[in-house]
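In this document, chain identifiers A, B, C, D, E and F correspond to the written order of the chains, with residue numbering beginning at 1 in each.
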Amino acid sequence: MTEISEQYRIEQEPFYHPQGDEIALYQAAYQARMPVMIKGPTGCGKSRFIEHMAWRLKRPLITVACNEDMTASDLVGRYLLDADGTRWLDGPLTVAARIGAICYLDEVVEARQDTTVVIHPLTDHRRTLPLDKKGEVVAAHPDFQLVISYNPGYQSLMKDLKQSTKQRFSALDFDYAPESVEAEIICRETGIDADTASKLVKIGHAARNLKGHGLDEGISTRLLVYGAQLIGQGVEPIAACRMALVRPITDDGDIRATLDHAIDSLFA
Amino acid sequence: MTEISEQYRIEQEPFYHPQGDEIALYQAAYQARMPVMIKGPTGCGKSRFIEHMAWRLKRPLITVACNEDMTASDLVGRYLLDADGTRWLDGPLTVAARIGAICYLDEVVEARQDTTVVIHPLTDHRRTLPLDKKGEVVAAHPDFQLVISYNPGYQSLMKDLKQSTKQRFSALDFDYAPESVEAEIICRETGIDADTASKLVKIGHAARNLKGHGLDEGISTRLLVYGAQLIGQGVEPIAACRMALVRPITDDGDIRATLDHAIDSLFA
Amino acid sequence: MTEISEQYRIEQEPFYHPQGDEIALYQAAYQARMPVMIKGPTGCGKSRFIEHMAWRLKRPLITVACNEDMTASDLVGRYLLDADGTRWLDGPLTVAARIGAICYLDEVVEARQDTTVVIHPLTDHRRTLPLDKKGEVVAAHPDFQLVISYNPGYQSLMKDLKQSTKQRFSALDFDYAPESVEAEIICRETGIDADTASKLVKIGHAARNLKGHGLDEGISTRLLVYGAQLIGQGVEPIAACRMALVRPITDDGDIRATLDHAIDSLFA
Amino acid sequence: MTEISEQYRIEQEPFYHPQGDEIALYQAAYQARMPVMIKGPTGCGKSRFIEHMAWRLKRPLITVACNEDMTASDLVGRYLLDADGTRWLDGPLTVAARIGAICYLDEVVEARQDTTVVIHPLTDHRRTLPLDKKGEVVAAHPDFQLVISYNPGYQSLMKDLKQSTKQRFSALDFDYAPESVEAEIICRETGIDADTASKLVKIGHAARNLKGHGLDEGISTRLLVYGAQLIGQGVEPIAACRMALVRPITDDGDIRATLDHAIDSLFA
Amino acid sequence: MTEISEQYRIEQEPFYHPQGDEIALYQAAYQARMPVMIKGPTGCGKSRFIEHMAWRLKRPLITVACNEDMTASDLVGRYLLDADGTRWLDGPLTVAARIGAICYLDEVVEARQDTTVVIHPLTDHRRTLPLDKKGEVVAAHPDFQLVISYNPGYQSLMKDLKQSTKQRFSALDFDYAPESVEAEIICRETGIDADTASKLVKIGHAARNLKGHGLDEGISTRLLVYGAQLIGQGVEPIAACRMALVRPITDDGDIRATLDHAIDSLFA
Amino acid sequence: MTEISEQYRIEQEPFYHPQGDEIALYQAAYQARMPVMIKGPTGCGKSRFIEHMAWRLKRPLITVACNEDMTASDLVGRYLLDADGTRWLDGPLTVAARIGAICYLDEVVEARQDTTVVIHPLTDHRRTLPLDKKGEVVAAHPDFQLVISYNPGYQSLMKDLKQSTKQRFSALDFDYAPESVEAEIICRETGIDADTASKLVKIGHAARNLKGHGLDEGISTRLLVYGAQLIGQGVEPIAACRMALVRPITDDGDIRATLDHAIDSLFA
């Protein structure tokens, strides 16, 4: 198991700028091996936080990008046909339970509600994972922890976690970093000057204020980093902002005009 | 069969605090090998009760977390391809019927209505399980019993048990434990002091009163235990309550404010 | 074929209390090998009647619990992969046609309408079952008969038999037994005293009168037997009736109160 | 191919009582190997007519009961896994095309509209069946003919043949036989006396007049034969009529009363 | 490849009566290997035209009848399990691309919109077919051409080609032949006299005028040929017309009466 | 890997006529290995641009035409059954990530929203592709880049990229080339004279002005090239325009008349 475990170990500290007491809260939850739900909008740093915590806690991290077509077998494992007949292949959740990893189910609301049922026995006093098809009950490694992420903005009547799933998790709220922190993140990640970073953050905030007024979602920190990278490659700031911040998120003429205007006035 | 049976045997007494005559009623039902349906809200201790009864009756317990994608084959068994051709693998229901286990179908309403049809011949005078695909009729072991759980709060036009299934079960109602019992459970499970446990229970009751008035489900005993665990890890009670009791169950600003206010006034 | 046939033979007379001329009518239909449809509410004894008739006619009985996911292959048969390639495995309907059994398709309305099409050539002058996938046409054994059950209460726009299926069956109506007969059945099955049995039947009738007025279905004879069994195990009659007669069939507070009141007034 | 062909040959003349010039018309269509569509209500003798014509024309007959789950592969053929790899197995349509049989697709409207597309190249000047998955194009045997049946009463917006399919067939309308012919059929098939047969036919006509006024479909000739068979087994005519003519086709109290009344007045 | 190619070659000239400059236009498109879309109602001769052009251009023709259940693999190819493992089997589109055939996708609107995406790289400057599952990119043979047919009358909101597919094809409109030409076709195909052929065409035109006024589609040339064939077999013209022209296309009493009246007045 | 890489390398410069600074912007994005989204209408040259850039950057290009039935396995890879058991076959996305290709997902909106989730870890700081079914995490080659295309005109409530996907891409807007450039492209691709090319472009512009007023999409550059090719083959310009520009894109009589009129007035 050791070599499998190493494959999922995070060697170098992932950069993470804390916004509050989230590191201490997460550590307390991990000490109790309590399941944790990370809530927040797209691109605000949820995945980065979990990577940072896995590095800090020195635990391997297994990330699964959930989707509507994911079956319970994709999480738990399946039989493969082999030269010698069928062979069982553990799924990522089973591997994590065996090696004591942090298992991170990213965007868990995307998964079919009932696929998420398989995590239930891992999230109560049992801490077991029954592999019904194999006839084995895996007892979770003492270091195993389950983490899920959740974007409340997506939540709809069609796609929401069941109460019986929600009530198995503690939860931490995330949001975009405050202006100064976000500018610092952009500088650190791209080497851009502080003034340009600050202007990019201003555009980001302008867009986030339009959320619900024509935009489904604001401009994420990731897109601001893209803008800074293009500028770093020598692209004119105005062209870089259009390509990285505006064109990806909307095709609406009015919203584009509003955002382009904000860009022009800042970089002209 | 003995070694399979041992795998599902519960070695140590699972803690269970009775709320009424449910232990005697369940024992009477088991003596008649009568199928039992356990009704009650999420996280009120249904699964724990069954584990306790399996330990008390010294029967192996096989638990199946039901879900919408569960096929009859997942319960009954299937053929696997092997080096020597196909090999039959008993599903959990078949194993339970053979070894005389208590088979517990958790959240059976989640299963497709018609998957539940396969349990019918096990729940009347026949006590048999036809394995149509194998051409075998399994006669249930004399000690076999079937138990299902059911959350009436989920019941909808789309998802409800068929009458022909309901009429095969006796039923026990469960609810959250009364205040003093619930506080005692929290103390025993987490080692927290009685005063803090009592405050946590008060918050739980406040939330349960909001059920149907903005909350789909109250705060379960499990989440109260989470709150106590975080406090036990040194987290400030107010932060612990937010993380364990409020953030997981709702994203509604008003409900959050109401619950946060209750927490503040108790722990300030 | 003889040994297969023996597996489905009913050795001991299943207890059945006739309610009218149904035994003579069924026998006449069987003499003509005419397909029969048994109609009636849940738990009124339809399956028991067919078992009794199979015993009386000395024919093996093959019962299939129909469900929405049942494919034509589940009835007719399929190829299995074997060490020596594929091998055909007869389904239960094919086995019944070959050995001259009574094939009983329980709750046939649950099956997909078009799965039921495969029974058509067995239910007209042809009395054949084409195994399209095997390229074989099975001529039914002269003793073969097809029986289906049908609960008119379930009948909906979505789920009903096709006319071209209905018109291939003669039909017998079933209902709960009259009071005195039902009490006798309960005594015989559980050994309870006649007075208690009579009270249980009274509660059953009270509930059946609520059908369509808040209850989807009344209390079946089976549940009355459960109540008697619990009382036989020493449970207080009132608690036994709640557990066996009321809690399984409804979560509606008013209906529960009405039924609980009837129980209290009879057993107080 | 000869032995396969023999398996589908009809040895004895199936009884068929002509109602008009349908035999001559069908023969003319067969001489031109023109595809034929047989339209008419359930149980009026469509399948029997095709069997009769196959016997008369001395052609083997391959009947396929169509259903919603039937795939093109079920008609055309598929690869089976064998000890020596995969082996192609012709489907019934392909067998019929090769051996020059009449292929009868019963209740073709049940099949998915687009499954029926596979019959197109067999029904125009090409008279070929491309087995795309095998890379073979089967040229139909000169004696091959395609016949489909169709119940206009089922026709709905959801289920109807595509125009491009309809326009590949000539069509014959069928209906229940006139009173005297139908009585003669019943006598011949069951040996019942002419007076009883005539009374049964009267009940049948009464029911057919209720079609569209509470009944989806009238009483078929087949059910009238069932009634006569039960009477032949010694069942009282009134009980036989209820079991064979009324109970199978409706659960509506008023309609049952109307039909029961007609039965009583005829047989009392 | 030569022998495969021969299997799809058209040996004898298929009869085709030109209606305008469609032969010259198609030839010009073929010289540029331009994809062509043939539009027109059911049974007006689209498939016949393509066969004629393939014969005239001396190219093999591979026809695929499209349907809703057709997967991309049905067009492109799939792996088959063999004694020596898996073996790739080219689908008809791949075969056509390799051997330089004309590939004719008949009724392409029936195919799932997104199955049609696989033809895109074959219909632009790339002229390639990527076999993603095989990891091969097939360069189309210089003589390969893609043709699709399309019935505008079927076009609905649910089923229409995507613009990105439409914009890859040139298009030719087809319609039923003018009266004199259609009569000539009928004479040539069936050997019927010119007067009868002319009367049949008149009935066809009467029906086509009812399209949209109670008929979904008029009477195709194919059905007129059927009528002539039945008359050629000695069937009375009026009976032949009912069987071949009216009964197949409608069950509506009024429309039937209108058409029957036209037939009576022409042939009486 | 080298030989695989060569298979996807573009040997000859694909003709591309720049319309603005898109080449410089794309190069800057590629230097940062930033994911790029290309937006624009059907047939305006998006695919051509990516081929040109792959040639210019000397990177292999792997193009995947997305469709609704594409599963994550079609992108990522799957196990194949082999003589020696199962063998893993990389999908096109995995191949691209391993060899450092540009992976171009054409019409990505067609893919099921949740299939697109698999690209997420390749489009953030991780630059990894977890092959869950193989238990391997592929680190992308330093030269790997992901590009997707997107037609805003198709965007509907049912089919749109998720915000969490959009926010992982920078974006470039494309449109049809300006008149003079488009005429030049047509001349270069078909060898037609400048005057005819200019007339064709005029018709194209007339049609694009009808977009949203009866046309879903204008006439693409590709169709204009088709028109020029037909004229080059000797077809009359008016007939060529009807066949290449009008008939493929609409069946609406009014729109056809408008476009035919424009053609007549230009070429008469």
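By definition in this document, a residue touches a chain if its C-beta (ideal position, glycine included) is under 8 Å from a C-beta of that chain, and two chains touch if they have at least 3 such contacts.
These are the chains along with the protein names UniProt gives them: A, B, C, D, E, F = ATPase AAA.
This is a predicted model, so every value here is computed, not measured.
**Q** Can you name the chains that touch subunit B (ATPase AAA) as well as subunit E (ATPase AAA)?
**A** none
**Q** Can you check whether subunit E (ATPase AAA) and subunit F (ATPase AAA) touch via the same residue numbers (shared by over half) or via different ones?
**A** different
**Q** So, what's the distance in Å between the C-alpha centres of subunit D (ATPase AAA) and subunit C (ATPase AAA)?
**A** 30
**Q** Between subunit A (ATPase AAA) and subunit E (ATPase AAA), tell me the centre distance in angstrom, where each centre is the average of that chain's C-alpha atoms.
**A** Roughly 52 Å, centre to centre.
**Q** Please list all residues of subunit D (ATPase AAA) that touch 2 or more other chains.
**A** 81, 84
**Q** Graph shape for the chains shown, where an edge means the two chains touch. Line, ring, star, complete, or other?
**A** ring
**Q** Show me the residue ranges of subunit C (ATPase AAA) that touch subunit D (ATPase AAA) in the complex, using the header's touch definition.
**A** Touching subunit D (ATPase AAA): residues 21, 24-25, 28-29, 31-32, 34, 37, 39, 71-72, 79, 81, 84-86, 112-115, 117-118, 120-121, 124-125, 130, 132-133, 135, 137, 152, 155, 162-164, 166-173 of subunit C (ATPase AAA).
**Q** Within their complex, state which residues of subunit B (ATPase AAA) touch subunit A (ATPase AAA).
**A** Per the touch definition, subunit B (ATPase AAA) meets subunit A (ATPase AAA) at residues 4, 7-8, 14, 42-43, 47-48, 63-69, 74, 78, 80-84, 89-92, 95, 106-107, 110, 151, 153-154, 216-217, 219-220, 222-223, 226, 229-230, 232-235, 239-240, 243-244, 247-249, 251.
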